[in-house]
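Letters A, B, C, D and E mark the chains as written, and numbering starts fresh at 1 in each.
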Amino acid sequence: QTKITAGTAAFNEALLPIYTAKEKGYFKDAGIELEITAFKGGGPAVQALVSGSIDMCLCAADHVVRLKARRQPAQILVALDEFHSYALMAKASFPGKDYADLKGKKIGITSPGSLTDNTLRYSLTKAGISPEREVQIVGTGGGVPMMAAIDSGQVDAGLLITTDVAAMLEKAGAYRVVIDYREMPYASFGALVLKSWVEKNPAAAKAFTGAVVKAIADLKADPKLAETVLATMYPNFSPSLIAAVAKTAVARTPAGGVVSPDSIKNLNEIVLVSDDTLKPVTVEEVFDPKLGAK
Amino acid sequence: MASLMERATSAPQTPGESPAACAPPRVKVVGVSKTFPTPDGGVARVIENVDLTLAEGEFLSIVGPSGCGKSTMLRLISGLTPVSEGRIVVAGREVTEPPPGVGFMFQRDTLLPWATVSENISIALELNGTPPAARPARIAELLKLLGLERYADYRPSAISGGMRQRAALGRLLAYGPELYLMDEPFGALDAMTKMILGRELLRIWSQDAKSVVFVTHDIEEAVGLSDRVIVMEGPPGRIKSEYRIDLPRPRDFRAVRLLPEFRDLCERIWGDIGRHSEAE
Amino acid sequence: MSAETDVRPARPFLSPAKVRLWFDRLLVFVLSVGAWYVVANTILDPFWISSPELVAERLWRITLNGDLWWHSSATVWQALLGLALGLVVGFGFGLLLARYPRLAEALDPYIMGLYSLPRIALAPLFILWFGIGLLSKVMMAFSFVVFIFLLNTMQGLKEVDRDHIDLMRSMRASPAFIARRVQLPAMLPWLFAAARISVGLALIGSVLGELLGANRGLGWYVEHASGRLDTTGVFAGLTALMIIAVLMNQAVNLLERWLTPAK
Amino acid sequence: MSAETDVRPARPFLSPAKVRLWFDRLLVFVLSVGAWYVVANTILDPFWISSPELVAERLWRITLNGDLWWHSSATVWQALLGLALGLVVGFGFGLLLARYPRLAEALDPYIMGLYSLPRIALAPLFILWFGIGLLSKVMMAFSFVVFIFLLNTMQGLKEVDRDHIDLMRSMRASPAFIARRVQLPAMLPWLFAAARISVGLALIGSVLGELLGANRGLGWYVEHASGRLDTTGVFAGLTALMIIAVLMNQAVNLLERWLTPAK
Amino acid sequence: MASLMERATSAPQTPGESPAACAPPRVKVVGVSKTFPTPDGGVARVIENVDLTLAEGEFLSIVGPSGCGKSTMLRLISGLTPVSEGRIVVAGREVTEPPPGVGFMFQRDTLLPWATVSENISIALELNGTPPAARPARIAELLKLLGLERYADYRPSAISGGMRQRAALGRLLAYGPELYLMDEPFGALDAMTKMILGRELLRIWSQDAKSVVFVTHDIEEAVGLSDRVIVMEGPPGRIKSEYRIDLPRPRDFRAVRLLPEFRDLCERIWGDIGRHSEAE
């Protein structure tokens, strides 16, 4: 048994393959004991990764770019979500539908410097709107605090992750999607490890990847399986919500856990907006398809 | 000060007059007992069934061995400590909280440590309603009387024990109550200062016909000042005997000591306390 | 305001005063839970504040399946260790600084500066230095508590009656003797004030530590519930935290009553 | 330990003692920055702790472009408002509770329970009730400070010399008079202790509030830098916070020296 | 206690013996002055150029008006307050910190408020090295002497002022120093208790030939107890005059007062202080 300590940046449905693999005992079969530790956000999780407190970070894949710049080369063992995971949500009464309508508005992001921040700035800039001067970007934290901010009118719109979006849309007629990033290819979530770790633990890396890839295959084959696992992950969700989440979650998981070049291309673009000291990465650099191959 | 006067129940008496039995008493203590919890969980009787009447304008001294309950008696009269049994009436009203027009000088000096001598005195003037404009003059007058002119701006920690006691006395005089409760006010003073202030006290008392309960260990002081001296014994504190002091008024605090009656009274009281203590 | 040190008989286990006290407290409890219930059922969506019956039910459930014990024991243990460490180091360092005023004066700004750093921002350093195990959480709690004890020790020492110290010095008592027999007892109110303040901060620190990286603890439970939009879980965790805080504070009160003689 | 209240002449602006004090402080500063420099250049990767020269350069840059002022003014302002509000409410409520001991006893566990709640977990409620503007940050700072003042006020009131209060009562001073003229001055050490503890917590609360929803403030700046793994930014923000904390504490010290007479 | 004895510089004298000029003095005060800062930023001279020698085994009293610097003198000798000018030598060593074998009873009672009466006394026994086993007996003995048997477990706040003073005296006696510095130790006691304890003090002193500096306001007490009485005047505190008290030893604290020399001495000292105060 090899023990792998994994840190999660946030609890979300992209973890579905991990939980499935756990549930089905694939990790055990592969000789891996997986321990999951929760962190508040990607920052601390990545710090823990670099300091060696954890072996693996289940978090936004864009950290590979930053880690490279900080001379801590990392790689994505397996992609868990190949689409951007956020959507810009607002109350149903919010009239706007594209970037021009966001001018002069207050928009909530999870935290400064995060994926939501970068995405918003990137797309606003692309649409010719200055994120500094023409909108007000406010960090409120994700999930419930963001909903509270939208609900109480503190922000006009806010970026929320897929699960939250699904939950909000459950309340018919209360909220609407203003701008949806969820179709954009983006390496949004994955299992990140330092390259040095892979070098030292090639067998464990391969075993882990194999187990997750197997779970993904199972999920794709059996839609009910996703619902069963999600029900254990979100015991407070209603069956209909579970079903909705299951459908998107499975669809978003890349077959074979493969990182696509498109998703890395978008990732490079978005991440680089926020920080000009960074250098883009290539798929080859950050993903080793051999690990997931049979 | 005026308002305090108004609150008094009876008209001031002629100065120095011997207490008239007909005037309503300033203080009436009826069957009072006081108990305190003891460290071992029991109850100690500290004052037992004391009856006492203080006539309007009377100067009463209490003497007695250490720990017999003199200070406790003053606290009971002042309303700061509730009685356990019996009742106390001050100026016609039963005491449940500190009654108006009562000034209490504690055994321990209780000057506010963060305030200067004159600020400490000033507080009493504020509380008796002296207008701000009149305060500095009154303070200066009192400081002069007490020999503390040069220490007006000193804090209590920077003056001597006797000076602290004089400052506390100054506060009491500044308050100018109808009823003075004084717990060993001259205890830390040298004989000379004591004499000066004793004279002063007699002068103030005879001018305004205030009532005084004066606790002391100095029997000559008690006899020299008082209309009546009560000897307490205890614990539990009881009144053992009472001496009417019929020495002529106005008295001089020093000269009166030369009278043969004075010596005689002192000897009798001394013997009274002595017997008790010696026996114990 | 009543300044009466009057008859206080040996109190029986259930004196009328105690019965009344507990009645009062129950009343406050019923009133606040009632208010919560009403608000949750009228003005505010239970999504935001859950509701008392849901929380009670959840607490009951996690008590039965052992989750509550599993999580709260971790949090309490971290808080207690942080408290103990903070007490010892803060008090000891306070004594030391009081002994060397020059050092104290020189360090003062730096101590205050360190104290005021937001612990969350230091998360990376905590992880780096203390890992993500028990130690980092204990240190998080410690990082609050130690300053409270340090500050109160220094202030409390200043307030000790000088004459008492002088008296001991006149009998050539050693500084250690004076510290033990005069300063420590004279400072007890300061130390208990620090303890009361610290109990809350130690719990907050312990929870904060769990956000740095954990897989158990009430902080983890709350955060996890919050990530799942499970408001009831959040409030169940918070309620458990409140109960723990109350119990720990009660322990401080008992200790105080036991150590401080009725003056 | 020296219990000497000896000659303390009116101090000139630059007495030798003062010069020595500032020399000592400078020494501590140089030593700690030096240690930081050495560590950052040898043992630890600047990725973790940046390095003094980088931070100094960053601070210089954001001072010039106005960012520093923009962010720190927000944080300071929120902290000050929270402090002021906490002082007034905590002290007032403490007086009230001391006046009605029955109420105090009944509320005690609930107060301690509320105090010990991790504020982060309450983020949604803060946003819901206080928005994400100035108010929510002020309330966050307030939510720490108020309890400190409340607890210290209550403890401090217990320690006031009973004889002083009795003396005032014997002169029929009103409770308000006693509060103002006896209890308040006697409690000053307790209030200053609370202020010293609160300065740090107010800053922490203010920064924490900025995590709830903000687009300026040092907390925001640090979080922003941290999100980009920009350690230098994080340390620049933390350094600015430390400097602010030191200045605010110095203000408390000055106030204390001014209000507390040499005993 | 034994260790304290050893530290003494000279062999014990015969009890009651008049101080021999040849023995090295217990205390030597040479040209001592003391200044304190005043509230207005100036400097006040509180003791001015005092010279004083206390022989081994001598009983010296200091009297003088309130605020003349008596307490300050004791603090200077005790080493708690540094002198501003001059020097003080106790038992052959210059005083820079409290010297060994000195027991100081402050004017203000300084019982530890959280400790019971017996615990307060016990602390002194701890500090003079009395073995734990011997302490309870010694405490009980002292409490009996002081009439505090029943108050062993009381805290200072629950006993009377005089009882507190006796407890503080008990602590001093428990410490059993070579040099007693006593600042108005009987100030809060009634005449009878004062007499009992005065006798006791004389007995202890004459048994062990300790040296005593005794500050009091009671001139009869000073004359009755002492080998020598010093009259101070001030501020600034100076030695005004000195009286050798050659009354026979051993004395009885009460009986000695009947001697005509006693009356005479008291009158002379009283006159000495009186002149000063009256003039002021």
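By definition in this document, a contact is a pair of C-beta atoms (placed from the backbone, for glycine too) under 8 Å apart; a residue touches a chain by one contact, two chains touch by 3 or more.
All of these numbers come straight from a predicted model, not from anything done at the bench.
Common neighbours of chain A and chain C, listed by label, are D. The most distant chain from chain E is A, comparing centres defined as mean Cα coordinates.
When C-beta pairs in contact are tallied for every pair of chains, the largest tally goes to C-D. Centroids of chain D and chain E (each the mean of its C-alpha atoms) stand 49 Å apart. Centroid to centroid, with C-alpha atoms defining each point, chain A and chain D lie 38 Å apart.
Chain geometry summary: the mean Cα position of chain C and that of chain D are 18 Å apart.
In chain C, the residues that reach two or more other chains under the touch definition are 3, 5, 48, 120, 124, 128, 166, 169, 211, 223, 226, 234.
Shown for chain B are the residues that touch two or more other chains, namely 36, 80, 108, 155, 158. In chain A, the residues that reach two or more other chains under the touch definition are 40, 43, 51, 144, 148.
Residues of chain C that touch chain D in their complex: 1, 3, 5, 20-21, 24-25, 27-29, 32, 48-49, 98-99, 102, 105-110, 112-122, 124-125, 128, 147-148, 151-152, 155, 158-159, 162, 165-166, 169, 175, 178, 189-190, 192-193, 196-197, 199-200, 203-204, 207-208, 211, 219, 222-223, 226, 234, 237-238, 241-246, 249-250. Of all residues in chain C, those touching chain A in their complex are 48, 120, 123-124, 127-128, 131-132, 211-215, 220, 223-224, 226-234. Listing the residues of chain E that touch chain C in their complex gives 78-80, 97-98, 100, 102-104, 106, 108, 110, 112-115, 123-124, 127-128, 155, 157, 175.
On the chain A side of its complex with chain D, the touching residues are 40-43, 46, 50-51, 63, 66-67, 70-72, 108, 111-114, 117, 136-141, 144-145, 147-149, 151-152, 154-155, 274-275.
For chain D in complex with chain B, the residues that touch the partner chain are 5, 161, 163-164, 166-173, 177, 181-182, 185-186, 188, 260-261, 263.
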